[in-house]
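Both complexes shown next keep subunit A, but they swap its partner, so subunit B is in the first and subunit C is in the second.
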Partner chain A sequence: MALQEKSKLQPAPDDGLVVRIRGALLSQEGVLFLILVVSVIVLSLNTDRFLQPSNLLTQARLLVEVGLVALPMTFIIITGGIDLSVGSILGLTAIMIGIGWQTLGLPLELAIVLALAIATLCGFVNGLFIVRVGVPPLIMTLATLALYRGLAQGISEGRSVRGYPEWFTALGQGDFLGLPTQIWFLIVGVIVSWVILARTTFGRTLYAIGNNETGARFSGLNVDRAKLLIYSYSGFMAGLAGWIFVSRVTTTRSDMGSGLELDVIAAVVLGGTSIFGGTGSITGTVIGMVLIQLLKNGLALNGVTQDATIIVIGLVLIFAILVNNFIQGQRQKS
Partner chain B sequence: MTTATLVKQKTSVTLRLSHFIGVALAALILISYYVLPFVVQPERGPSDIATLTGGRGNNEFGLAVNGLVMLPFAGLGALLLGVWNLLSPRHERVIALLLAVCGFVGLTYYVIFFRQYLETSADYLSSMSVGFWLMLGACVALVAQVAVPRRPAERDYTPRAVLSNQEMVLAAGLILLVIVVGIANPRFLAERNLSDVIQGHAYIAVAALGMTMVIVTGNIDISVGSLVGLLAIISGRLATDTGQIWLAWLAPLFVGALFGGVNGFFVAYMRIPSIVVTLGMLSIIKGILLIWTAGSRVVDLPQGFFLAQMRPLNVPMPIWFMVVLTIVVALWMRYSGLGRAMYAVGGNKEAARLSGLNEQRIVFQAFVLNGVFVGIASVLYATQLTIIQATPPPNLELTIITSAVVGGVSILGGTGTVVGAAIAAILLNVIRTAMVFINVSPFWLQAVQGLLILVTVLADLLRRRRQRR
Partner chain C sequence: MTEPILVLRDIEKRFPGVHALRGVRFDVRPGEVHALLGENGAGKSTLIKVISGVYQPDSGTMTLDGQPVQFSSPNDAQRRGIATIYQELGLYPELTVAENIFMGHAPRRRFGPFSLIDWPTMEARARAILTELNIHDMNVRSRVGALNVGNRQRVEIAKALSLNARILIMDEPTAALTEADVEQLFGIVRLLRARGVGIVYISHRLQEVFELADRVTVLRDGSYVDTRPVADVTEGDLINMMVGRTIEDLFPKMPAQIGEVVLEVRDLWREPHTRGVSFHVRAGEIVGIAGLVGSGRSETAQLIFGTLQADRGEILIDGRPVKIRRPADAVAHGIAYVPEDRGQQGLVKAMTLRENSTMAVLSKVSRLGFLQPGKEKIMALEAIQQLGIRATGPEQVVNKLSGGNQQKVVVSKWMASRPRLLIMDEPTRGVDVGAKSEIHRLMSQLAAETGLGILMISSELPEVLGMSDRILVMREGRIVAEFDRAEATQERIAAAMMSSEPLAEKEAAAI
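This part shows the complex of A and B:
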């Protein structure tokens, strides 16, 4: 106990190794990492297919869409907001790529750029209403969840677009330097987001907003600009995920990405980002999304039906928050 | 009791002319409906109106002949509320609102009838024209009665203040929409269509009642959509397997309360944000549903099971449920201890706790009640069709939340009434159907839904901002 107090007061190098390990384990990321390791071991006991590199690479490929969107979602949830519209933005992007290319006759490259611009605009609109009008993020993005999906449905009128050229599908199905191509997007996204959140004043601003928005405002931080940026970032990433999604499944439908927001929020919250804002990290989010994807796949390979894995994820989500609450409580006590 | 308080009480129940308006108008509707036809056409003899107007031979559109039965209900409702209005000195706002709803029902049916009269020149209507003009007058006056202050200067009745009343705006929007679309395409006003429109979404209105409670306490429940699916299957399975119809009708209520209780436990006592809890619950329920039913459907339901297809007094059961539950819950939310406490908790949690309210238990109870209402909604949904699908309508939770929010329930908690939520649920379905009738692709529906939420929320925020000034 005394040791722990000491470590709190001065996290200096003269801390005992035990204390530091204990601190790392007590952090949400530490607990999650343990859960991850344990579940990987348990899941690989029964089947040898689970730890095969080819299987893991396939899982990595499937992970990218949720992963890309989870990064800005971490930012947003850290500021105490939420973005429920990401799945719909993904669907709208997919439709815009398909419509721009086939119906409007644009070159595919241009259609992609246009779709990404529209996705960013969608996120920007969310941010604009949240910042300028003061609509709560939950309700604003709930409205645009319906609105953007509705636009995707209305514009496409339920038709799907197929027949994309080979180079287009390479992004979602091909490999680059031995890894699935889209994984590189995720890796770059993770590194950039990690640096932004952990190493820049902008990142500190996000934590400040989440802890005390009024306080952040009075300290002269540009809260409005920060929020506008992260919601636009969220729109852009959802658009990017949409592009990759279309490329992976080589077809465009307006119901793409519905329910994505749930997977994304589950990954972020599982990663230890408090839904009340103020705490969280990209590391945690990465572990969270990997854990969810591996659980899904591992359970499936162990003969659990796909449907049952949904239950497991729901349970894990609630359990993770209970553990998090417990740890926070313990920390406050000590 | 001192003399002063007695005097005060006496003055507060002083009857004014306006107290009698509701009663008088209700009487007018009932008389014009039941008495006048027999005075004008004595040779028909005493019978009910449905028989009297039963000849449908020249009724091309199958218009709302039986829908006429709604009118005496509106009259009866107005009568009862008007009497209450006389007896109780307080609460005139809710009463006036409900009177307005009754008048609105009457008015809607009047509009439908008048169209039918113009289109088909059916003679049974011409014989009743005096009664119809009386009815129109009564209904308009009933609606207008909402603007009659019983104690002058207590409320602001300027156009701006009336416009800031969400229920009134919605009701006006609804009636306007029905009239406009009806003019564009008369088939929209056909009885079968209109009653389908209202019936089809009645279960959503019922679910929106529970959602209103949850949102009023400052929480949200996004697991309701899949819960409706699960409870509908439970109800259907019980009916086919045990044959106990009552069990099949009641079990979903208890199971719904159970799931609501679990949600409420985690939200209230474990202090996990409601969005996360219900998100987790959403996947759990969806998983249970998929495993348990394996995507199959429930067929061969026993004869007496179809609650929603019954028509007591010639009014479809879902409409009964919707109207009665909305009125009961509206009054309950306004006058009961728990109902008031929900508003208090949603308005200011800390203040509610400091004034001695058990904030955790109230939130818990709101979630349990929500579960019960979802249960009722599921039974209505399950008994609507002859086959129960394992997949609930897509985005059901979104439609339910939209109804509550558009109905004026502020997502920030603390305000909103269930009447608005019920009207909004109907409005949503009217919009959906109207789009088909004016040749707009239904694919745009969700976009309209989203815009509607956005507009409502913006209006709500602007209103709050103005009030603060």
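This part shows the complex of A and C:
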């Protein structure tokens, strides 16, 4: 065929093991992992308690709520969107479980299912307005941040719900196969989300949307459906986090989860997902959330006050981004 | 002979995996238009980025007025009198004409301890510069975003002049212009030349080179080929120099078996650009749509592809009416669309060649939604080979490819979907001669061998005439004429495109 005469096909160079390891270490996630390791070493110098299994397991337990929500948030930020309403959805879910069970007299199991359905619906509504009406995600979810929180407060009328049965609190406080029960939810969530993002056509669609939504649309990718799904997924995961939250603290209040969105976004962005969309990974998000949780705990154990802890976390965030920018810049040049 | 202002010798520039410039030389004299030619990927863009200070050469020398010089940044080059007008215009749409012209160097006045912008002086000077350029119909207080492309370009040129540019680099300045705007632009270029400005002019349209340029330099694969006075070369010479081979057949149309009707459109409406359009495309047939910019060609194509929604009308595939609400529906019906705007619509430029080449056919490289990396890689390699895409490999980011090669990626991704109907909107715009003829050959081959129906929108009449079995002419949202290949001539098509005969009367007569 005449078209082939100009083809200058070069076989891709076969990556040696050394090259691959070097590549992995210099990747966004690799750099972050090194920062994580260094932080752990530094934090464990002054206190024995930090690295004790019981402490680490407790931290894992505390990590789950932010962690679950960070997974769909990674998807959303990769598409160039954002979901600020997750904390409010968590609060609304908590209230719906309490109200459904105590005020409406539903079986607790049914109340949980109903609350999760409502949480998913909340996410779906976000997605619907973003897709159909074209409201920017930041504006839409800022509005529902207020709206869903307001609903939670209105429905609960400021009362808290207590007295949950023992089987209910097992999820938030118990152990399963030697690990805090809820961590299994996170493990499954991480694996499923990682596979979806890295290995499926759906994941590819998300990256394409984040890099060039018009181009994705003109390629016949179903952009609208993808967005509806990820905002619904976000609502569902916020609901799941709400359920676990209530189970862990055995009480329901309407202000639960306020500020959650910022912790979640911090973990995702620290994990290397670009706030402008197009790049990011679940691996990065996992390292990001673990790093933040360990910093919080390690600094507290080292006697750092809570205010100072926040400052340190902010500095680490900036530092990680600078280091990454530097290394990625160096890589591009070479 | 006047001494050159700027001289480049033995310029070398390497990027990872690409030797972009090898020993290139180039010079610009005052008062000349020096055309820079070469296929996409030949190194033209890299060279002008070296001249304008965006890139620093790895080696080689540059002298300005006989003195060795190095530009550390585009600003640096600008201060020394080298201005560039890029394909993608670098203006601020929300600011006025005057503000844009004097962006970064507005005239100042003192007010106590403050240094303020001297608005009256700025506007007066902007007006003076426009007058110098023979532009009398532009208000310096207009918002630039409200201007058309031609006028925005004039603002850019005025901006360059306000910086006292002695060398003006114009990268494909006519790519987005209408005929009338092109004429005006040529007038301005001649004016500047007469005033002693050295102009570096890049274009794919050889006709413009002959009309405008004094000398021409040709690059090929990053190497310097030759510099010749335009008066001494023919179009054939230039094409030979650019591609290093002779292209006997610019429009290699093969006879094809014309089959059943694949696509039929009945009375399609969407105001204001599509107003009662009806036509059909048969298997193996190439139907060309000619028309001026704004005649509704692209909008009609987008109605068929589902990126726009029709108000009313019917689309039939294989004789069955279909509903197309989004591109995914169109793809499912075997419709493919190579859009006009490659960067925005055709590609996701930040992603790799592999990811782009499979984007329209993800279902073919996946099972139950799971991607199969092996299949994907094979598909990308096939695309590279079949279309002769010049890339370092499937993992190269599309952004780094030249325009012609990017277009080949767009074509390859739609070929992979094995469509029944392929819509091509300006398939060879901004594509060099070599890649152009390859794309044409491919179109011809696909129609003849696979029975693909092709609907081709083009503003280049030779392309329309050369490639089409049948030609439709659109004007003001309607199809106003239809010609068979045999009866079509450039004059007849142009007459139908531009006729000023009011359409409403014609319609009234028809009813």
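The rule is short, and it goes like this: the second predicted complex is superposed on the first by the 302 of 334 C-alpha atoms of A that agree within 3 Å, B and C clash if a C-alpha of one lies under 4 Å from a C-alpha of the other, contacts with A are read in each partner's own complex, and residues count from 1 in each chain.
The criterion applied here is as follows: contacts are C-beta pairs under 8 Å (C-beta built on N, C-alpha and C of every residue); 3 or more make two chains touch, one makes a residue touch a chain.
Quick caveat, the model's predicted, so the values are computed rather than measured.
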Partner contacting more residues of subunit A (subunit B vs subunit C):
B
Which superposed partner A:269 touches (first subunit B, second subunit C, both, neither)
first
If we overlay the two complexes on their shared chain A, which of subunit B and subunit C does A:166 touch? Say first, second, both or neither.
neither
Pick one for A:220: touches subunit B only (first), subunit C only (second), both, or neither.
second
Check whether A:278 is in contact with subunit B, with subunit C, with both or with neither, and answer first, second, both or neither.
second
So, does A:211 touch the first partner subunit B, the second partner subunit C, both, or neither?
second
Mind pulling up the subunit A residues that touch subunit B in the complex?
82, 129, 133-136, 138-140, 142-151, 153-154, 156-158, 254, 258, 262, 265-266, 269, 275-276, 305, 307-315, 317-318, 321-322, 325
Footprint of subunit A on subunit B - complex, ascending
220, 266, 270-273, 275-277, 279-284, 286-288, 290-291, 394-395, 398, 401-402, 405, 411-412, 441, 443-451, 453-454, 457-458, 461
List of subunit C residues in touch with subunit A within their complex
16, 305, 307, 326-328, 330-331, 337, 339, 344-351, 355, 359-360, 362-363, 366, 369-371, 381, 384-390, 392-395, 413, 417, 434, 438, 441-442
Show which residues of subunit A lie in contact with subunit C when the two form their complex.
1-12, 195, 199-205, 207-208, 211-212, 214-222, 224, 278, 334
